[in-house]
């Protein structure tokens, strides 16, 4: 599975610890999610960088700090620009309110500031 | 204000009726929101097409059918490809669950199918 | 129970059908919720009118059209002004995004327009 | 801008740090949001105190601790009474569940207890 | 794939149309989601009936009418009792508010009333 | 009231501090909520253990860490098995996304790991 994790790492920038833990505690769920994850993050009509920006904007819109941090952690490794994430967060502002923007912006400054 | 609406129309593809109505019922709010909207949708680090995909993904993640339809309505006019929106919805699936994907996919098929 | 419903009607403007139905299908739950409801809507530090405006703003922020309609239906009977509800929805805009405002504004125009 | 911030401070009780930061990092977004914010919080059909109570109730309903704290921080300075906020949170209880009430009540006790 | 769909049908009671459609429009996503779905709904520490009740309670708590209907549609075929679903919705009431209960109860009466 | 709290403790495993505090600060709300709570958690068509699993799954789906912890704290005392909660969280994964699962799984490992 190490190779799969490496391939996923290349796609999402950073694999969350809890997800790695799944390999031992829930091998079935792990492999199923790994397969789904690999496919969702594949470069396709959208690049993995664009998908990462979308993921951060969604996590911010949901006020999900854990998810914002998990996604943001990989963004830098993927070469996503700070300005791109910030503009994605503006869309979250319009659709989910100022606090959604503030959640994302705060983590953005901490991680890529 | 007609000119401003035209400029916004070019950016988001379609201006919702309720928003147009604001011009009469709440001119102050209208101009403030118009100004914010214009700026958020400007091409910048991200294109308006990419921002539209983000907006659709967020609306789907929030299970907000009205917002999904409002955003989707403009996507076609902006030349956003169906495949791009579908991949954005896959990210919504991962972050917000299968129903979020189904909400978006259903409207996608209706509008751009 | 008819008297209790009448007293609740005076407080919230309109008792939803489903809630009335509870009296037969779930008398225990009905009486417990009735008691809680009566107390929450009592005039106190805030008037029932102000509480109704808060309820509409929360329902809009949650994108809960059913709840927006249920709360809005009672607002008119309580003498809540359209302008007051609209300003409450602006706060929902700031905290939960433009679609939250649009949800509420649309129902507001239909019910009190 | 210092004057504008002072005027906003009078309206919302306290301007969040992140928002002040926007003035430097995103002057355009800052001025647009400042303008929208000023208008939303203006005394009108509802007083700024009532709007603050609505904002706290919405933030609690959304389980948004950051927003609850940001809004609560200004409430005291605006002379909003603890009892008024607590009754607003009861409406959040009814519409968004006991945890929404508990989120708000916990911060209320810390800030205005 | 027909056999897989049949097996899933036995587990969740009813496979949503949109999901069946995925088999043609997105075979990759379809098979990945099919695999995940099969595993999540397997009888294990919890029966598929209990999982269905949990799914309905979550969908109601999220105010997701589409998901409530999709899950409820399968509940009857699985032999889930109306009383069990109603008690699950009471937990949704406590954690997500009265409207969450009303959403679920309304669909419950329509589907299993 | 001490006796009532003891009876509730037997049903939900652990009564949150804030709720105990309500007895003094809001005796009316306290007794109303106590009555509703007692009824919702009663063994009925579903056992209190199953209701606890549902409550944890809903709290995870709502990304409500406070509620996840409050519910999880009582699960162990009620004899709910870790595997049962984990399977409930898988349903939350399907309906509310991977982060919902991760929220719940993280607390599960801390409390019952």
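A, B, C, D, E and F label the chains in the order they appear, each numbered from 1.
What we mean here is this: a contact is a pair of C-beta atoms (placed from the backbone, for glycine too) under 8 Å apart; a residue touches a chain by one contact, two chains touch by 3 or more.
Everything numeric in this text was worked out from a predicted model, so none of it was measured.
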item: Most distant chain from chain B by Cα centroid; value: F
item: Most distant chain from chain D by Cα centroid; value: E
item: Between the pairs B-C and B-F, the one where more C-beta pairs touch; value: B-C
item: Repeat of the C-F interface, chosen from B-D, A-D or A-B (over half of contact pairs identical by residue number); value: B-D
item: Centre-of-Cα separation between chain E and chain B, whole angstrom; value: 29
item: Interchain centroid distance [CA atoms averaged], chain E/chain F, Å; value: 22
item: Chain E residues counted as touching two or more neighbouring chains; value: 29, 33, 36, 39, 59, 61-64, 67, 86, 90, 93-96, 98-99
item: Chain contact topology (line, ring, star, complete or other); value: complete
item: In the complex, chain D residues that touch chain C; value: 36-37, 39-40, 44-46, 50-51, 53-55, 57-59, 61-62, 64, 67, 81, 83-84, 86-88, 90-96
item: Chain D residues within the chain B interface of the complex; value: 28-29, 32-33, 35-36, 39
item: Touching residues (chain side chain E, partner chain B) in the complex; value: 16, 18-19, 21, 26, 29, 33, 59, 62-64, 66-67, 70
item: Residues of chain D defined as touching chain F within the complex; value: 63, 86, 90, 98-99, 102-103, 105-106, 109
item: Complex contacts: residues of chain D adjacent to chain E; value: 61, 93-100
